[in-house]
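One chain, subunit A, appears in both complexes that follow, with subunit B as partner in the first and subunit C in the second.
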Partner chain A sequence: MTSHQEMKADVLKIFLPVQCLHERSGLLVGLEHRKQTTVCVTALVKTSTYKDKGSIDKWLSCKTSAEHRITVVGVWENVISKQKTNGYMLHKPQLPLERWFCLRKTRDIPQCVLHGAWPTAMTTEDVVIILYDARMLFESYYLMGRAMDVQVQSGVAIKPLTDITLVAYSLLIYNKLAKSTCHFDIPVADFVHKYKWHRSRFLDGAHSQLIHVLLWMISVISWVSSSRLLQNRVVQVLTGTPAVTSQIATTFTDITKVLQSPRQSHPIQRLKCADVLWGHFLDVCLGLLLMLLLLHGDTTDRLSAAMMTWADNVVFELQRLLHWMMGVPAGLKLNTQLDQFLCKFFLYHIYLWTGYLHLLRPVMSRTLWYISVSGCLGLSLQLCLMQDLLSMMTLHIYCFYVYAARLYHLQMLALSSLWRLFRGKKWNVLRKRVDSASYDVDQLFLGTLLFTILLFLLPTTALYYAVFVVLRLVVLALQGTLCKLVTVIHSLPVYRLGLQLLCPAAITDTVKMEVLRSSQEVERGTPHCLCISMKFVPASLTSLFNEKWNGVDSAATYTWSSFCSSLLRGQLVYPWIKPERRWQTSS
Partner chain B sequence: MTDHAMFNGALSSGDKCNGALSPSGDKCNGDICNGASSVIFNGVKSKSLVSSIEERQIGNVLLRIVHHESDHCKEFAVVSLSFNIYRWLTGVLALICIGYYLQLHLQAPRLMFVLLLLLITLLIIRLNFKVVQESLLVMASVGIQVTRTFALGRTSSKFYHITHINNVVINEAVTMHQVIYYLTILLQEEKGTSEQAKVTQLMPLFQHCWPSLQCLQLVYQGVQQVLFDQAKKHTQQLDWTIS
Partner chain C sequence: MERKIKWKKILYEDQGVPDNFVDDTFLEELKKNLNTRTYHFWPVVVESGVVTQQVSSICLFVVMFRYMQLDWLSPQWLFAGTLSLAVTGYILNELVDRQNNKTTGRTRWDDVKTVFIFVAFGYGLSPVFMTLTDTISTDTIYAMTAFMLLSNLLFHDYGADAALVSQSLSLNAAMFASVCLASRLTTTVHAFATITFAVEMFALWPMLRRKLKKNVVHSQAAMTAVLGVSAAVAIYTLSGVSALLFVIVHLFITFVCPAWLIKLQDYKE
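This part shows the complex of A and B:
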């Protein structure tokens, strides 16, 4: 690799807000960053002469902090608009500064002339004027957020900044320094409206009372929930299992986080808070919509009747399925006695289940009505309640699955152990590995006998297990879609999407440069500088969706291979359900 | 000669084309392009003398270099010429004639209509993603902007700031039966006060038009001239004689 050359550094970049092009002549004021040879113009002092030198100096001295100094960087000449120049030094600039430049307005793009002690190699041709819209920059959350993140040490940034961050930072500094109270009689054109983005868009002072009440309620609830009574493991397990309570807990923590974050914080944080709040608001609206849909007419009654019919159908189909397995299912010959035993066992269970359904029948309609009414608290709550209802209605499938899985798992365990005995090996629990072992003849005899029995009984058990696993997976798929819907509703960046549609200036992320060419004839030989226009481009939708707010990892808890191996071994699987809700580790 | 014309590398800082052009648009009087007889300077418009455009056909792409009257800014555009609209139009007309002859339009009008709509939608979608031109705007001390222009006029651009750019190089990808050359930007993280920046990412350019090595060399030289101090750069003879 060749040694790294240094990039060209003798180019002066002047960032000029577009608003300046319409202003009258005056002095340009801004921040100069020597190390990066950049000048950011932040304001225009509309003074006709430099006779007010004293007052300008006093005004500028107000705008000094330990690390930054706003200085006069140049002169703006606008001789196209007809006004009296009033003795203004057009052709004899004599500012008592070390170095400065003069920007002259031509028909379309400004021209620049350097004066003073610039580095000798720098001529007018080495000047690049970059025009941008200061208002749009100031409105952008991301760009101003990056400017706030800039760390400065003794006036110089620790890391070299990109130009856009530099300009945003200069505007920020200027605004901060401009807040300091010094009233002088100087007409200044600030290119951005002061303090505009400090004004909260959604947490105004009028809502502060409501926020105080909410915060008080939240503190009470958190005090109650952290009491020793409720920190019990049993209570945690009981509240963790149904989807509803965990959903409520998540909503609660979200809103707490939002309301407790300080108001005048980082703009990107405020954007995300707005996302959360608007997301919940949208949630509640959708829930209300669904509620109105369900309560209109007697939809709940019809729905509950349909659900009971469906449950009865499922029971009937299950019974048919079990009778089919008692015969010769799909041409497989199963062990008759075991088959009959298992079948009778499951049929009795179904009989119990039909009794349970009879109990549930009158309550169903009311339950659905309550679910729809809970839409006041949000669509995600309704979906969670439906998820819980589904789990309750398919409890028998879950029970069957657990029985069959346990039986199969037990059989597999015994088979693997006896298989090892068959080969003359043993599982060493201490070292967690397979060791060779010597067995007596009677041990071997008994072991081989048991192994054979279990091996030939395996197809029956495996078939029952396979059938119930499939049923369970179907139910889990339904639950999974509901769970996924809830997650999507939670993590949708509603506010930012809305901003993209309605106010794209607020979420601009990058820039697009375009070289401006003068349309008028330029005499050959006159030096002129390069003029570039910088436009702000909104962030793309894909980058919006890739950001995660809560740090909620939506990574799957199972990979395909681990899932299939758990299924084959007979271990209980709980896909699509968050790990903390599993109240029993898989054995 | 036309295919092997190349810049002979003897550039020094004072060479520019703006002072030496004749208004009739003839070739430059030898400052930059010694021996390159196929280069035409036709950017001398009557109104704007601010930039000069140089167009050159290399292989199946058209390379357009815009010199923005400044040492510090150049724009390189690669236009892919493989899409020939007249050929496509004649093909479509021929197919329509055949269809008319075979009386396809009387078979099942509704089905035909639906198929036609589907094909037109697919065509519009395909054209939306077809890249017609890729351009590179290099500005010294500001950065590099990469723009793609699609067939329906849409553009999408990406800007890399100079603090993120380490270098621009021609890289080789060696497959089983050919070597592919591509121009790439080496991106780095912003370095701190004293440490050397590390190259963290490669950003290949011109991924849709795939210009040939000769074209890439021209672009490379131009980019190096704009971004780095050119006095040290082009002293050695650039001796690429690959066909």
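This part shows the complex of A and C:
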């Protein structure tokens, strides 16, 4: 006790619910944090005297944990209240406590009188009364979430808390007490108890049967997907490559996470789960909208006809491009023989491709119809199906790109190692550096011959590679747009945005302090305490988006520089097929 | 006042003079040019042969290419000449090894394998060489060849122990140049003959020259003379001015440069 008094106890902070101001006189109940000289008032007992002390004490001692305990901390006197006030309270109230305070509201802001064993130097002027809105604080997911994170050891928080967390924590403790002691007949002016977290209880009650069924289904699917067949590497690659399957896997993982989360979990966890569920709901709504749009009239037929015409045009343009490259494109010094060979090869490939298109033509309209119907499962699934369809339609471009890239990459590798041989050096694998080496004459002879040949053939290969990389990048840009759209749909914090619009208090993030001044100036010379009003500031839209998208961007597989360097070196690029996202289940 | 005590180059004793005093004996212990080699004129003239031999080899190679391009020399004859020279060189090599009782660790089978690699790859790839640089202009090819032959000359191992010397780089540059030239000729046999001749001139011949110089007395001067004269004659058949230029350069390297070196030697002291 003495050690507490000797501490820097310069200011006593009293957090008072703003609802208290309109209540009649009574006893203030709350939590005292001696270490931080802070008192958080959480409720008001509407009793005029302390004579039924026994029942109040009994009520308060119900919570028998080692945590902080709710106690009677002071007296509230509302002088201007029109209600008939008890004489006991108006004249010298006395509480049989070690230390307590009396808050007296005479005009518009309360004043404080300290009683009992407070630190010696503390006077009324050292008291700061902070008015907070208990209801709004209790509704805020973020602040209550922070309070839930508080770790307590033998009645003391492990880390020093911020004031706002302290208040939220006190409210939490009080709420636990109030919940477990509803049967007591104590006239409590409770500011929070009747406001339940009704919004977050979206999983409770009548849905439990449905959830059981869903959980059972999830366990079945997890069991199937963890079987040896699906864990096979080939199958994993096959299922991971199309955007649709990875999309389904992501959705499955999201929903599993939501359903398997414990019900009385953390408020922030609930918020995230609600985001996911509402996000999927919005997804499905948008998907249905697009489906209606596409199924209206013969839209799919016209669309498929347009797509097939487009594909034919692409084939025609590619043939023209190849014929142009067979000549002397842009005056480049190409090797005629190799150029002819590559050109014939690619032309034959296009010929094969037209056959494939003829096969595709009859089923195209049907495929589009199915895609539009899949809108029942969400817009993101539709978009992924379109992405896959685009991949199928441009398979030839992808093939060209792969051939050219492999050839180019191989040539670059050979050239780089032969260039080292040309200079009489070699790559030391163990030390990861270039060392000088002595070669035999025949090795040098052969190496130089190959080096010369590859060097003079490089412009031809590089031209083909460059042209097909550009084509591939165009397709990739289209696919990337679709992919980004899906990511945006998935990462949209729908629930939070709704809260921001409808009930900003729920996503309160920070607070703002405002000094309250009495409308009638307090007489000079009389000691009075500072009164501060705490205003809650809802999280801004930008902060919501940033919070959500920070995680998304960090999952990107390529940076721009690494992307460009792998393009230059002729390595194959798959910008958004993440290897770790391939058909993961229930992990 | 006359000093009785001899001045010593130390600071820890008071010798009655200021700290920055410098005596006449201060620089007595300085040693200069401990490792100087004194050169004499004629040995340097003989040694300069390594450079002129390489220059002559390059010139001979270029002249042979020009002969083939002008159709004065058929590739078959060039190949026959190359073959006979190679056999002669091989026998000479063996004789020198035999004389010194030195074994190189290479078996006959290794030699056969090397020859096979040269011939097989040279012949197999010569159709590729033919069409390799069709679309590239002849001037570009000649410029590249000149550049590569110059780097061959620059990086060649003349026996000096310097960081610049790189045996493999010089050989590779020469091979690159020979491929460039081979791609300017008309048939695959031409390309093959050029490549083989280049291998002999730039890979095998310097090795043999080094060995002969070390083991046979007076061979250096003889080789220089033979190579220089034959190169000069060969160039003369193409252009008299070039031959004159070649002779002047040769004489400059052989006689003026050594004299210059001897003269400059005085500045070492």
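In the analysis below, the second predicted complex is superposed on the first by the 530 of 587 C-alpha atoms of A that agree within 3 Å, B and C clash if a C-alpha of one lies under 4 Å from a C-alpha of the other, contacts with A are read in each partner's own complex, and residues count from 1 in each chain.
Keep this in mind: contacts are C-beta pairs under 8 Å (C-beta built on N, C-alpha and C of every residue); 3 or more make two chains touch, one makes a residue touch a chain.
None of these values were measured; they are calculated from a predicted model.
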Practice task
Using the touch definition from the top, say if A:445 reaches subunit B (first), subunit C (second), both or neither.
Solution key: second
Handout entry: Which superposed partner A:422 touches (first subunit B, second subunit C, both, neither)
Key = second
Practice task
Tell me which partner A:161 touches in the superposition: subunit B (first), subunit C (second), both or neither.
Solution key: first
Practice task
Pick one for A:125: touches subunit B only (first), subunit C only (second), both, or neither.
Solution key: first
Exercise for the section: Return first, second, both or neither, reflecting whether A:453 touches subunit B, subunit C, both chains, or no partner chain. Expected result: second
Practice task
Would you check which partner chain A:510 touches, where first means subunit B only, second means subunit C only, and both and neither mean what they say?
Solution key: first
Problem - subunit B versus subunit C as contact partner of A:37, first or second or both or neither - result: first
Handout entry: subunit C versus subunit B, contacts on subunit A by residue
Key = B
Exercise for the section: Mind sorting out which residues of subunit A both subunit B and subunit C touch, each in its own complex? Expected result: none
Problem - subunit C - residues contacting subunit A, complex - result: 113-114, 117-118, 121-122, 125, 128-129, 131-136, 166-169, 171-172, 175-176, 179-180, 195, 199, 203-204, 207
Completion exercise
The subunit A residues in contact with subunit B across the complex are 4-9, 11, 13, 37, 125-126, 128, 130, 158-164, 510-513, 515, 517-522, 524-525, 528-530, 532, 537
Exercise for the section: Please name which positions on subunit A make contact with subunit C in the complex. Expected result: 328, 333-337, 421-424, 438-442, 444-449, 451-453, 456-457
Problem - subunit A partner contacts - residues on subunit B that touch it in the complex - result: 18-19, 47-51, 68-73, 75, 137, 139-143, 145, 157-159, 161-167, 190-193, 196, 226-229, 232-233
